[in-house]
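There are two complexes below, and they share chain A, which is joined by chain B in the first and by chain C in the second.
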Partner chain A sequence: MTVVPMATTDIKEEPPVSLWRDAWFRLRRNRLAVFGLGVVVLLAFTALFGPYLTPFDFLSQNLDARNMPPSLTHLFGTDDLGRDVFSRVIFGTRTAFLVAIVVTAIAVVIGVTLGALAGFFGGWLDRVVMWLTDMTMSIPNLLLVVVINASLKSPISSWMESRYLATLNPFYRETIWVDFLLVFGSMALISWPPYARLVRAQVLSIRSRPYITAAQALGLTNRIILMRYVVPNALGPLIVAVSAGLGTAMVLESAFSFLGVGVNPPTPSWGNMISDGLRVWQHYPHLLAAPAAVLGLASVAFSFLGDGLNDALNPRGAK
Partner chain B sequence: MTKTNTSERLLDVKGLTIEIETRNGPATIVDGIDLHVNKGETLGVVGESGCGKSLTMLSLMRLLPNKIRVTKGTAHFAGRDLQTMSNSELRKVRGGEVGFVFQDPMTSLNPVMRIGQQLAEPLIYHRGMNKAQARKRAGELLKLVGIPGAEDRLDAYPHELSGGMRQRVMIAIGLACNPQLLIADEPTTALDVTIQAQIVDLVKELRDRLGMSIVWITHDLALIAGLVDRVAVLYAGTVVEDAPVDDLFARPAHPYTQGLLASIPKLSDERASRLSSIGGTPPEPGRRPKGCPFAPRCPLAEAICHDKVPVLESLVSAGAHRVACFVAQRKLEAA
Partner chain C sequence: MLRYIATRFAVWIPSVLLVMLGVYALAYFGAGDPIKLIFLRAPGDVAYNPERIEAIRESAGLNRPFLVQFGSYIWNLLHGNFGNSLTSGRSVWAMISAAAPVSFKLALCSILLTAVVAIPLGLIAALKQNTRTDYAILGSALFLWAIPAYVAGPMLMVLLIMVIPGSNVPYGWGGIFDVRILLPLFVLSFQPIALIVRQTRAAVIEVLSEDFVRTARAKGVPEMIVALRHILRPVLTPVVTQLGLIMITIVNGAIFVELVFGLPGLGRLTVQALTNTDYPVILAITLIGSFLVMISNLLVDVLYPLLDPRANDTRRSR
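Entry: the complex of A and B
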């Protein structure tokens, strides 16, 4: 076969052939997404560095200044123990991010793995995964979490205590991480099914699209097809789900705290602050308003960012 | 050009049968197709939609969807058995030696990949080019298929191009590695009439320049009359007539072909794929008649047609003109 003679042409330097850079340009043109991103970045910064910058220690009590309304010294006022609410909200940001990131990460790993396997291989594997998903979703979430916590928390803690007394091994001394593990674990356990469903549906639908057949007809390997054709096309919806899921996990943590199965006081979390604030909101509304407003803001910001990312990652739809 | 010397055959398909698994057991979709393409030849494959054209072509590259399988027959490309070759050898044939152009340019390109990169992919994979070489070649290919401002278009996403431009991109991708055979599966069906003619002209020009063989699948015989050397007419998963294009237009032998030709003016008016001059519809897979598959719709059907299946045979008068019809064969023997 002869090579076709063709005019040599000047071709520009190879541009950054990156989906991400393009997405970034498109994202910047979306105001809501930029707002969401801004808030998320601010919150993330607060979570990382906030606790070092707060005017007061989140634990330090000032019994002479209890339940103070917002003022210049105490931006969000003080609570019933005279602790600075602003500092506690800031520390709560760290808790919120910790919970959201860990829970979402576990849920995404479980969900994406199961969903992709189910979608790709189908058959009995698909049926088993779908059954698991339906089972998990049909159990009332809060009930499951309360049951897990109630049945596991105290036995594990007391077992650790007895181990510590018997061995004096420092590993058993601190029981706070059991707390976290149970909160994170049970939240992840109820959070993975939507990711599994989403990814399964994505893989199923992308697998039968003509451009996949076209890529196969080009002789490309399954690995390349998976990495460059299937995954990038499945990514948009997953990123939206993850972004919204981070916000949801924060809200979920609050719901758990409200039920007394969340992160335990005195570690400040927006959830336990809201639940404390709810008891006295008629007298000291700022104790409810401050953490609730920040939680609402975070949740909205994550969801705006998710929608923006979806549009940005999908070059067809975005304006 | 239309000699049937086996050694010249680039693609040779014999008795290919494709079945689909259904709840009521396997149903035959393609029933013993015989097709061949000689080196440098352009074959038109014509038939109503649903008659198995696309599945036949996909089966050659072992790309059939789930539950659809080849159950009988052989397929050779350049003397090599496509059905038994290893997967890695097959991947070299796909894209490297046989290029594909699909029906719908809107959905056959990866929506999240720039077209320059989609063009570069096979060049990097089959020709071992580096990114810069592949990009340069991609620009040349876009120019080759007549895309204005070719180099600037390398960074466009598919949705930024019109349907006709996208189909040109598909053709460029199909031709990227200088394949010996280009299989175009209804490449113009999704396009406007004026664009259709442009694409046909483009492929004709490219063929004359590059010298590859082509299988052009269509339900519109008139569209490809000036492009193809030979035509195979498909009906319900079998080849019912196979003839040099001029012969076919001058002396259509099969009643179905005659019906196709009679309906051409109407077809180009309405761009319809239904045959207005032939009543009824093709049999569904799994409900094929016992004898000639066309018998239920055939104006010339006789008793034998409902009982026995006619085979594709050369007419004595014209070796290259083959037809699968009892009546046509008898008539031409007599003449």
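Entry: the complex of A and C
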């Protein structure tokens, strides 16, 4: 840095660089994060418009062309029913995003509410919430899901069935809602503790910062303090956590399908395709490789993006 | 010190009991009538004979209040009685004690491998911060973290067969000194390694700016000694606190790794129990898994003041 004599310079008044602009500049410098962002945007586009672009219907079967290896007509080959794997992977993107967004949204709402309440009020509420998160986090999450699914699936299905018999309302016959409810619900139930813990820690640390005291001393109202100082400072880590959480939720969904408690066929989901592919991978490796590679790519992309966002939004490296 | 351990233990026991209560309640209220569950599989029409059901219920003590049943379940657990499997009728304890050694050996090897591989890598990455080496290590760690075990496992198997023609698929269990253990062990360790590499790197970067590191360098201590003696020691503390999290990733990973590589451990038992909705087995495995994680957390709590004498019992780093 060069030393400039103070008296002779006109200090040019530059427009203030906002937090987000600043973060965006830092993010763009991180090559891994840019790669992650690119893949995420591409996948989101596929999830939105993909089903209109697929060369084949994801359900249409062609029994003359079963288990075909990848070719120009079928980029990823065909599966045991002659369905085009490429189209199914594309449609699976939609399922993956749906699951990831809904689950993360529920988990964030639960986690942020509990965490903020705990951090703000402290005392016994804090202790109860923290204890609840500790409990949930000490049960290995896949086992917890297994228990939840094993216990809740049959009562809910039989309740739906009895409702159907009583009312003959076709709504109760759609078991797909039960599936989604169970999958989303149990995934959200195991995903909220990290958010709660994060938000609580943020609220606690921000409340005791000197700039909050300074703002209070200046006589700013609570609302302005909250909106201008507390929220932006707590938001960074939360965005990082959400970005990483979206990837985790996608992997989690496929793990559920692998265990046979996920989204039911014939709705294509990457997890379903992987678990189907696992049965025949010795003979038809492409059936496993295609969905697995896409899932891996999505998960890696979200994790690179989350890490880049972490460096961009928390420049002091407070990990 | 003894007092500290005693306090930690006293807080720990009710937590364990409450986790058990939660898991037990889920199975109790969700599973439905255990007698019907048992006899639906048995020949004859016991399941549809209300009088016999009531008689069995009476004799098995299933008409007692929920909390009493929970109490007797815990009492039986303490005596090594986990009940019987619904499908095979075998004692759950026998099934678990046959499967557990496989999983435990695998988990121990995985923790060892993680410590040996991940801590040096994290240290190197931090010492060469923002260089190509750092990016390579950090990038691979993120990559390993993101790849699920059930994807990595089969892919590596395909790769192995393609690279070494004529090699056998590493399927099955032959003890920890068998060559077939290598692939599952690596796949199981991917996530813990990624976790510890990142943790170590972050901790080292924090320590690097401390005064004692600067002083050591200023007085001419060789860089190797600085890294090993002045940096690594304070770094080990935050790394050790990750034991609980590592345990979770290993318990989760074992489910997939054991299934993919055909290892007869607790993970495969879980999947079998799930497909058969075998509640006593699911319940027992969940309890054991949670117990392992909680005992790791307790161990961390007890070890923490030994590693970092500044910590009093209110401070508990995660």
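Everything below uses one rule, namely that the second predicted complex is superposed on the first by the 290 of 319 C-alpha atoms of A that agree within 3 Å, B and C clash if a C-alpha of one lies under 4 Å from a C-alpha of the other, contacts with A are read in each partner's own complex, and residues count from 1 in each chain.
We take it that a residue touches a chain if its C-beta (ideal position, glycine included) is under 8 Å from a C-beta of that chain, and two chains touch if they have at least 3 such contacts.
Everything quoted here is computed from the prediction, not taken from an experiment.
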| item | value |
| --- | --- |
| Which superposed partner A:141 touches (first chain B, second chain C, both, neither) | second |
| First, second, both or neither for A:97, with chain B first and chain C second | neither |
| First (chain B), second (chain C), both or neither touched by A:256 | neither |
| Touching partner for A:86 - first (chain B), second (chain C), both, neither | neither |
| Contacts of A:284 with chain B and chain C, given as first, second, both or neither | neither |
| Contacts of A:209 with chain B and chain C, given as first, second, both or neither | first |
| Most chain A residues touched (candidates chain B, chain C) | C |
| First (chain B), second (chain C), both or neither touched by A:224 | first |
| Interface residues of chain A shared between complexes with chain B and chain C | none |
| Contacting residues of chain C [partner chain A, same complex] | 15, 18-19, 22-23, 26-27, 29-32, 135, 138-139, 142-143, 145-148, 150-151, 154-155, 158, 169, 202, 205, 244, 247-248, 251-252, 255-256, 260, 270-271, 274-275, 277, 279, 282-283, 285-286, 289-290, 293-294, 297, 318 |
| Residue ranges of chain A in contact with chain B within the complex | 1-4, 6-12, 14-15, 17, 19, 208-211, 213-221, 224, 228-229, 232-233, 313-316 |
| Residues of chain B defined as touching chain A within the complex | 58, 61, 63, 65, 90-96, 100, 102, 104, 107-114, 116-117, 121-122, 125-126, 131-132, 135-136, 139-140, 143-144, 150-151, 154-155, 157, 159, 170, 173, 178, 180, 209-212 |
| Parts of chain A lying in touch with chain C, wherever the complex brings them together | 32, 131, 134-135, 137-144, 146-152, 154-155, 197, 247, 251, 254-255, 258-261, 274-275, 278, 281-282, 285, 288-289, 292, 295-296, 299-300, 302-304, 307, 317, 319 |
